[in-house]
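In the two assemblies presented below, subunit A is common to both, partnered first by subunit B and then by subunit C.
== the complex of A and B ==
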């Protein structure tokens, strides 16, 4: 029993190691791609500056949108960037669809290895490789922009923030894996993915803080999984989530995680059945 | 009990049928017509431990489908099969650890990493003990002469080298059964020969069971004592390679070296004249009449030399395939009635 667990851990470790190594093969592209993601920060900061300045008739420091001042907005924006570094899963769903279409998925049917587990570990590897390069620019940006942030939050808030980041990763993974599994039925999921991205852009809080939405919308968004991918962790860090709401939010997020774990497993199982029934 | 037991195995696919043109594409958005294609139509087969069996057949005959069924990638429509007591399409780990499938056109190794790294992962997935892993890897890579390439990214290997790495990966866990789907496709003659040599050596030494599909007769002739001809989803022949000629070819090719003054006249009374290049003449003669015909020829003509040969295997098999095609043509049309 202990031996089996040890072996399983070792398998995961090798997958993790290979995933990181694979990521580092194309050094130039990888480094450039990682660093380029920081460019939009500058344009966003200037954009919000212009918006707030026009609202405040030339003085952005008095302007407010909802409960957000200019520095709140920049702080929020930077925090969602950090959050999305955990929750976004570029190429996951389309990768699964590609494997179904070109038959590479057979590998996971023939070899004694679980595909979802493999993809999860591989994704962790990608993220770790990304953070190892991105940590420099992230630290620099947060240092330069530290004036926009409120005072350092207390330890509970920081712990809750870290928990929401990690849960955001898990939720993002299983949500997009679930979309990928749909390719067993439709083969091509890029349009579906596009629709998802579009909704996600607005309803996750990536575009603007969700508490700016009118009350009716707010309730709907509250129960959708998307807000946990960007808005929720940032709001936790900025102290916008009271303690009782925090517990409720974490519970709903956990519920969504369990739902998408179950859904992706079920869809994978049904999908393989369909695949082995019709295709091959 | 045989190692592989297949009874009445059938597999049919649903294939989307689209008429030509834009309008048909639009219609396809709402309702689609599917054809039922029977890839495998009732196969019975027994394979014993240690056999090296070749599946021959034209493209689309059902060879690859049969291998996919046996490796559990697809479920059958009807029939049963067990391999080492396991039902393949249940995909139990206990079974998956004991076989390997190598497809000549599919890549299982990590493209951007050296093959050695993929082998490490295989070691973990298949739970191969360290010393066994090292020994097997050294043995395989030495036999296949790819040891020096272990540290090179797979994408920088030639097709032949990559195939050798694929084979190494597949054999690391010492499977009892190996399914090979066109392992030498696209390879040059030297690489083909090397892989044949390796497979022959390895199979004889380990006494594992190998099922191979190939279009290269040389692969088959070099490796397999037993040949199964599959065409139109059915087994048309099961036996030795030489037996194919006995069963399907009613002819022998006779080459005559005529004497200096002899002219090649009236030879067509003995059989079909295939080639005349004086003084050499090639004839095709009815197998049953060979002895009698040769005696007659020797009597009437001045002959310096002669040889009697079986027709080339490729020709015989091509003939078998086309016979099967003709015979089944009407049956195939019936199977393809469109279903909504």
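== the complex of A and C ==
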């Protein structure tokens, strides 16, 4: 019994290690790419400077949009880069769809390995490899921009922030895996994915702080899981989430995570039942 | 592009216009073969654009203008935004697929076949394919432009005047902008001859042109000035959208006299960019070593 558990762990460990090594092959290109991804922040800094300047009638330091000052706004964009580094899952849903379409998924039915588990471990490996390289560019940019950040937040905030980042990863994974499972029913999901990406970009808070939305939209966004992928962790760090709402938000996020774990499992199970593979 | 070579044995050069029209027709035929896919592409391209309007709609619900005393109010900025899409949709429709294809031709060694054809290589590479679906954003841009200009010309306080000359000049400078971006793109693509592979071409392209998407005034303060001058005079991406947009929207800063120096510079910059990209392209071709066996 103990041996079986050990073997199981060993399998997952090997998958994890292979995933990390695979990713670190192109680390130079990787680091440069990460640094380049911060370039749009420069335009954001100037754009928001101009916007706050006109709100404050020439003096941007007094201007506010909702609860956000100019520095808050820039810090918000930097923080969403960080939250997206946890929650974004490039190629996950389309990868599942591709495997369903070209029949590669058969290997998970034959081999004694669970597909969702395999993908999760692989994704963790990719993320770990990514952080080990990206920490350099991230540290550099955050250091250069440290003036935009508020004074060090208290321990509760930091703990909550880390929790939201990790939960953002889990939520992002199972949400996208669930979308990928839809490919059992529709073979081509690329346009569906595009629609999801579009809404996600707008409603997750990646494009702007969701507090800027008009009242009605704000309520809709509150009911969607998307805001936990970018907005929520950043808002927590900047202290824009009152304490009583913080616990509520974390609980709702947990609820969404459980929902999507269950949904992706269920869809995978149902999908395999109707899946038919041909050829060898 | 290049004047056809005149030698005694070959009295007529290639008919560039005819070739261009054939390219455009072939691409359209290919697109129309998969009509649903074409429509999906159009819808996704425009929905992205419409979402951008949503973003600025939200921004302008919080502020009256972008930058104090720059004059880029809501409708002026909509004209700016429309100009961005007109320029970008043209570049995306005509040059983006070709630049990517060019990098691929170099990597696989298939550029040999392009070099062998009795027509200017840069012309052949640049116009080979037209992505018609990208032009859907040209339509959206045009609608937004008309809407913005209508709002500006009919507003009760200091309405702007737009006459035929403004319109002609506007589209002339839109084309100048397209030419500048084209030069930048083909020069970037040509570097893959030296680098072997240029996968981040699209990324790099996006990050550079990202600077052109906002009124240039926002960079003209303190720390922004190095950017302002670099992207105006060295890599002139800032004038791509700004010159036609200022001409049409006429924000506070731009009176018809004050825009003359910038507009004249835009013409010079366009010619300079085209020439520079031609030189880079020629120079790069000299270093081309085929990859075939």
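Observations on the structure shown:
Just so we're on the same page, the second predicted complex is superposed on the first by the 267 of 280 C-alpha atoms of A that agree within 3 Å, B and C clash if a C-alpha of one lies under 4 Å from a C-alpha of the other, contacts with A are read in each partner's own complex, and residues count from 1 in each chain.
Operating definition for what follows: a contact is a pair of C-beta atoms (placed from the backbone, for glycine too) under 8 Å apart; a residue touches a chain by one contact, two chains touch by 3 or more.
These numbers come from a predicted model, not from an experiment.
Taken together in the superposed arrangement on subunit A, subunit B and subunit C fit without clashing. Of the two partner chains placed by superposition, only subunit B is touched by A:110; subunit C is not.
Within the superposed three-chain model, A:251 lies out of touch with both subunit B and subunit C [touch as defined at top]. Contact with subunit C, but none with subunit B, is seen for A:57 once the two complexes are overlaid on the shared chain.
In the superposed model, A:191 makes contact with subunit C only, not with subunit B.
Contact with subunit C, but none with subunit B, is seen for A:40 once the two complexes are overlaid on the shared chain.
In the superposition on chain A, A:276 contacts subunit B only, with no contact to subunit C.
Shared-chain residue A:207: touches subunit C; no touch with subunit B. Rounded to the nearest 10, the angle made at the CA centre of subunit A by the CA centres of subunit B and subunit C in the overlaid structures is 90 degrees. With chain A used as the common frame, the shortest Cα distance separating subunit B from subunit C works out to 7 Å.
Touched by subunit B in one complex and by subunit C in the other is not one residue of subunit A.
Put simply, subunit B touches subunit A in their complex at residues 13-14, 65, 68, 71-75, 89, 91, 93, 96-97, 100-101, 106, 108, 110, 112-113, 117-118, 120-121, 123-127, 153. Residue ranges on subunit A touching subunit B, taken from their complex, read 7, 10-11, 14-15, 18, 21-22, 25-26, 103-104, 106-107, 109-113, 273, 275-280.
For subunit A in complex with subunit C, the touching residues are 29, 33, 36, 39-40, 42-43, 46-47, 49-51, 53-58, 65, 191, 194-195, 198, 201-202, 207-208, 212-214. Contact residues of subunit C toward subunit A in the complex are 40, 44, 47-48, 51, 54-55, 58-59, 61-70, 200, 203-204, 207, 210-211, 213-215, 217-219, 221, 224, 227.
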